[in-house]
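Pasting the structures in now, so scroll down.
After this come two complexes, each holding chain A, first together with chain B and then together with chain C.
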Partner chain A sequence: MKKSGIISKAFVIFALIYLYTPIVVLMVMSFNSSRYNQMPFDFSFKWYQDLFQNNVLIQAAINSIWIAAVTGVICVILATLLVLGSQALSGRLKNSVQTFMLMPLTIPWLIIGLSILLMIRALDFEKNLFFVLAGHTVISLPYSVLVLQARMQSMDPALEEASASLGANVMTTFRRITLPVLAPAMVAGGFLSFMISFDNFVLSYFLMPSGFSTLPIEIQSSIKFGFTPEINAVSTIIIGISLLCLAIVGLIMGSSIKSLFGKKEV
Partner chain B sequence: MKSKKQWLTAPGLLVLLVFAVAPLFIMLYYSFLSDSGAGFTLDNYKVFFQKSFYLSLTWSTIKNSIYVTLISLIIAYPLAYIMAKKLKGIKNIILILIIIPFFTNQLVRVYSWLIFLQDGGIFDAFLNSVSIIEGSLSLLYTRKAVIIGLVHAFFPYMVITIYLALEKVDNALLEASSSLGATKLETFRRITLPLSRPGILSGILLVFVPCLGTFVEPRILGGVNGTVIGTVIEDQFFEIYGWNFGASIAFILLAMVLISMNVLNYLGREK
Partner chain C sequence: MATVRLENLTKKYGENTVLDGISLEIPEGTLVSLLGPSGCGKTTTLRLIAGFEQADGGDIYIDNQRVNDIKVHQRNIGMVFQSYALFPHMTVWDNVAYGLKQRKLSKKEIDSRVKDVLKLVQLEGYEARKPKQLSGGQQQRVALARALVIQPKILLLDESLSALDKKLRVEMQVELRRILDASGITALFVTHDQEEALTLSDYIVVMDRGTIVQVGKPYEVYEAPKNRFVASFLGKSNFFEGVIKEKNDIVIILETSFGEMPLATSSPREVGEAALYSIRPEKIKLEATDKNSAAESISGVVKFVTYAGNISSYTIDCNGLQVIAESQNAVGEFQFKEGDLVFLCWEPQFCLLMEDEVKK
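Let's look at the complex of A and B:
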């Protein structure tokens, strides 16, 4: 019994090492003054200082953030409406609408990106930021929907009925009952969609107009066309931002974050 | 009043129709266009199914996904089992630790493997220092590197789905089984495994299916040895400008995704 306990712990530790080693190495290397991630380790903030003077990367960061912010807001609005509206549906229609809302999760991003690119071509447009936002919205929307649905399902429908039977009109019930219940999930869903968009490379890669880039695109071109040593520092900052978003989502949603995964049942 | 409320779904559904569904139909349309401008043709699909290159490419893409799924299962099942049945207080912390990495940026993750696995990189240095190997393993730019990177990206999904299934398995059932004389192995085979089957199947779905459509990990970690359907599609659009042919390969990929999803769904529904 005791032996199996040790084996269990060793297995968990091994799995965590596999998950974290490369990321931790990357973060540590961002503080190493060597240009090509060579040892010995020599602590310095050099790459962070360089980063704040690298206008290309700063512009890319600004682009990443505002695209993700706009995507997040659009996703929350659309997802809230979708979840509220689908409550009013019933039977098979409700099922199909709910499946349809999550459809983008099942299509590879590669295909979503390419098909929008082909649509731009079919319509004879130039690549522009409108389609970038549309693409980001399509892939990020299901995540907001999942969070809001989880919250909606945990809400007692008797609350809305009670409010209505006590004479509140639809708007009042929404404002005083439904909205306060949904609000935390709206914030959490927004941050989740923000994060999906902020981290997304594939859609930006296919749809971004030339001369415009985001942080993931900068990382890719640094890998492809030659090494930019500030990339370690950028990556570390990106991980930091993702963790911050995740912490916010986790704090708001608490244990129901697990239900996000339970939802995608076969 | 209720009849009006359902219209709230309209904006969201419209966005999905215009920017997710319509583009797929446009892609389907392009996949039947001939490059010479001679109208509709099946040639793009014919080329794919007649050239052995594309068939072996399809097979190696599927094989990649199978490897990644199997290795993920080998890591994820014991991990989920240990978390659900052996660990007490710290299991929530471990669950969070497992969730965190897959919310990190895909490019950052791939790039961190690039640094880690590069010749003379940290991994080689570590193995040299404990004298497991001498020199370099030269893992980077091989299929192995692609699989290492993809398993890293996807196995947490499987840990979570299996964990959620195992958590629901009542410990009393396991105790009953062993007090009735079943060995540990029998209890596992007759009770734990069947009850965790839905979790295993959702896990397979969440690993195998997205794996079919990846191109970033194979491209960056596999180099020329990482060619899969995804990278060939990318080349068609960005290097060769064979858009119509690219569209048809993308559709074949989509078909593979939908077929595997339906098969897995069907297996999940059985009994």
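Let's look at the complex of A and C:
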């Protein structure tokens, strides 16, 4: 009993080290003044200062942020409509709609990017930001849907009936009951979709019009021309933002997020 | 407050007939229980009255107005859900005020009515809490207050107490009765708990598989069950089934598969007809000698004695038929022990002819 406890603890620690060492190294090195990530460690904010003078990276970051933000908003609206709409369906139709909503999760981003690119070519369009947003929406939407579906499923259908029995019409019930109950999931889903879009390289790479880039694309191309610790710094900031998003999602969703990952506690 | 009348109400889900033409009148200001086993259509009846479901046939009248085609939010019906269905994002106050706000009452009016109803359900001081911060019993009372405050024509309660534990449930039964009496409201209460139905209601409606089997005051339904279903669902009963072989004014001889049984009762059935009789365990008196002067009684051997504090329950083997008799432990010791020969006596009016069709 005790022995197996030690073994399982050791295993967990090993797994955590395996998962997070590279990230920790990257974060630590962003504070090291050496250009080539050399020891001894010499603490400095040098690379962060450089970063804030690097207009290309900053512009790319701004692009990433607004693309992710617009994607997040679109995803929340679409996901809310989809989940509410599928709720009204019955039986088999409902199941298949729900499957289709989550399908993009299982298709590799590469393929999605490629197929959108092919479509643009086939229709004889120029690459433009509309398609970037469309592509990002396709891959980010399922995350909003997942969160909203979890919330919808845990919502007591009697809430809406109670509202109606108290004299509220359909519109009022939606505004005062359904929407507020779903609201935390909408915020959480929006943040998740934001993160997915913000981090995405593959679709941006395929669909970006020339002269326009996002942070992941900039990072990738600057690595091609020689690695600078500025990238460590920007990556550290991205990780920070991602963790913040996750924390917000976790805080808002509380126990509902748990039901997303399997209903262990009943 | 109002009279509610159901006429020939029918509801089907696909091929499945869930309500098979039920008719019922709920008099103004009374508390009526719908009692029946799970799946017999109690919730469906409530949902039809509330307007959440549409009837496939028949009519619903409230105050002599047909309401079949009136939308839920215009019916002015209070509903207490089994899950309570309190709005999780609203405080107790806002939950209770919700229905009044829909009615566009003045703030002053809303304030005073919410205050009054929270006092009635004894939840003063909890106005600012969210539902999550309340115990089950308190949530239950918020749900009740929310439904009462709109002064509905009828209050519908669906197994509203069954989520509470036994002790709290009994407390809430008393509490509910007090609150409903104080508000003089007409209420229809769904339960599958016979004790709850007996103690709480003015009238009991016993349902079975989508039909109403019997309606009456609690003691009427208990003391004079119409058929085997009611007699066994509401309380316990012993059954004697067979063909009448001989009869006079006080005794019939019933030919059963366990031999001939002399039953002290009078019966409208003729000699040669098949019949089913029932008697409640507590109506059977056990005697060491045959005290029945007019004719012999059924006799049997005590097989088990079960002590349950206030009563003792005797299982008696009468020629293979197991009969249960209960007696008060008034003297604090067992009358009989296992293996004793006993005679079963009762007042003739307690041995009841059931309406069931019996095969010969």
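Simple rule for what comes next: the second predicted complex is superposed on the first by the 259 of 266 C-alpha atoms of A that agree within 3 Å, B and C clash if a C-alpha of one lies under 4 Å from a C-alpha of the other, contacts with A are read in each partner's own complex, and residues count from 1 in each chain.
Criterion: a residue touches a chain if its C-beta (ideal position, glycine included) is under 8 Å from a C-beta of that chain, and two chains touch if they have at least 3 such contacts.
Not measured: the values here are computed from a predicted model.
Chemist: Please determine, from the superposition on chain A, whether chain B and chain C clash or fit.
Modeler: Aligned through their shared chain, the two binders fit side by side on chain A.
Chemist: In the overlaid three-chain picture, which partner chain does A:T106 touch, first (chain B) or second (chain C), both, or neither?
Modeler: A:T106 sits against chain B, while chain C stays out of touch.
Chemist: Now for A:P180: first (chain B), second (chain C), both, or neither, which partner does it touch?
Modeler: second
Chemist: Check whether chain B or chain C contacts more residues of chain A in the superposed model.
Modeler: B
Chemist: Check whether A:L159 is in contact with chain B, with chain C, with both or with neither, and answer first, second, both or neither.
Modeler: second
Chemist: Tell me which partner A:T172 touches in the superposition: chain B (first), chain C (second), both or neither.
Modeler: second
Chemist: Give one of first, second, both or neither to describe whether A:P209 is in contact with chain B, with chain C, with both, or with none.
Modeler: It touches nothing on chain B or chain C.
Chemist: Look at the superposition and give the distance in whole angstrom between the closest pair of CA atoms, one from chain B and one from chain C.
Modeler: Across the overlay, chain B reaches chain C at a minimum of 11 Å between C-alpha atoms.
Chemist: Could you pull out which residues of chain A sit against chain B in one structure and against chain C in the other?
Modeler: None.
Chemist: Using the touch rule from the top, collect the residues of chain C that touch chain A in their complex.
Modeler: Residues 50-52, 71-79, 81-83, 85-89, 98-99, 102-103, 146-147, 150.
Chemist: So in the complex, the part of chain A that touches chain C is made up of which residues?
Modeler: Residue list for chain A touching chain C: 156, 158-159, 161-169, 172, 176-177, 180-181, 183.
Chemist: Quick one: which bits of chain A touch chain B in the complex? Just the residue numbers, please.
Modeler: Contact set of chain A toward chain B: 5, 8, 11-12, 15-16, 18-23, 25-26, 29, 37, 39, 77-79, 81-82, 84-89, 97, 100-101, 103-104, 106-112, 114-119, 121-122, 134-135, 137-138, 141, 170, 195, 198-202, 206, 215-216, 219-220, 223, 231-232, 235, 238-239, 242-243, 245-246, 250, 257-258, 261-262, 264-266.
Chemist: How about chain B: which of its residues touch chain A in the complex?
Modeler: For this pair, the touching residues of chain B are 1-3, 5-13, 15-16, 18-20, 22-24, 26-27, 29-30, 75, 78-79, 82-83, 86-87, 94-101, 103-109, 111-116, 118, 121-122, 125, 152, 156-157, 160-161, 164, 198, 201-202, 205-206, 209-210, 212-216, 220, 230, 233-234, 237, 243, 246-247, 250, 253-254, 257, 261, 264-265, 267-268.
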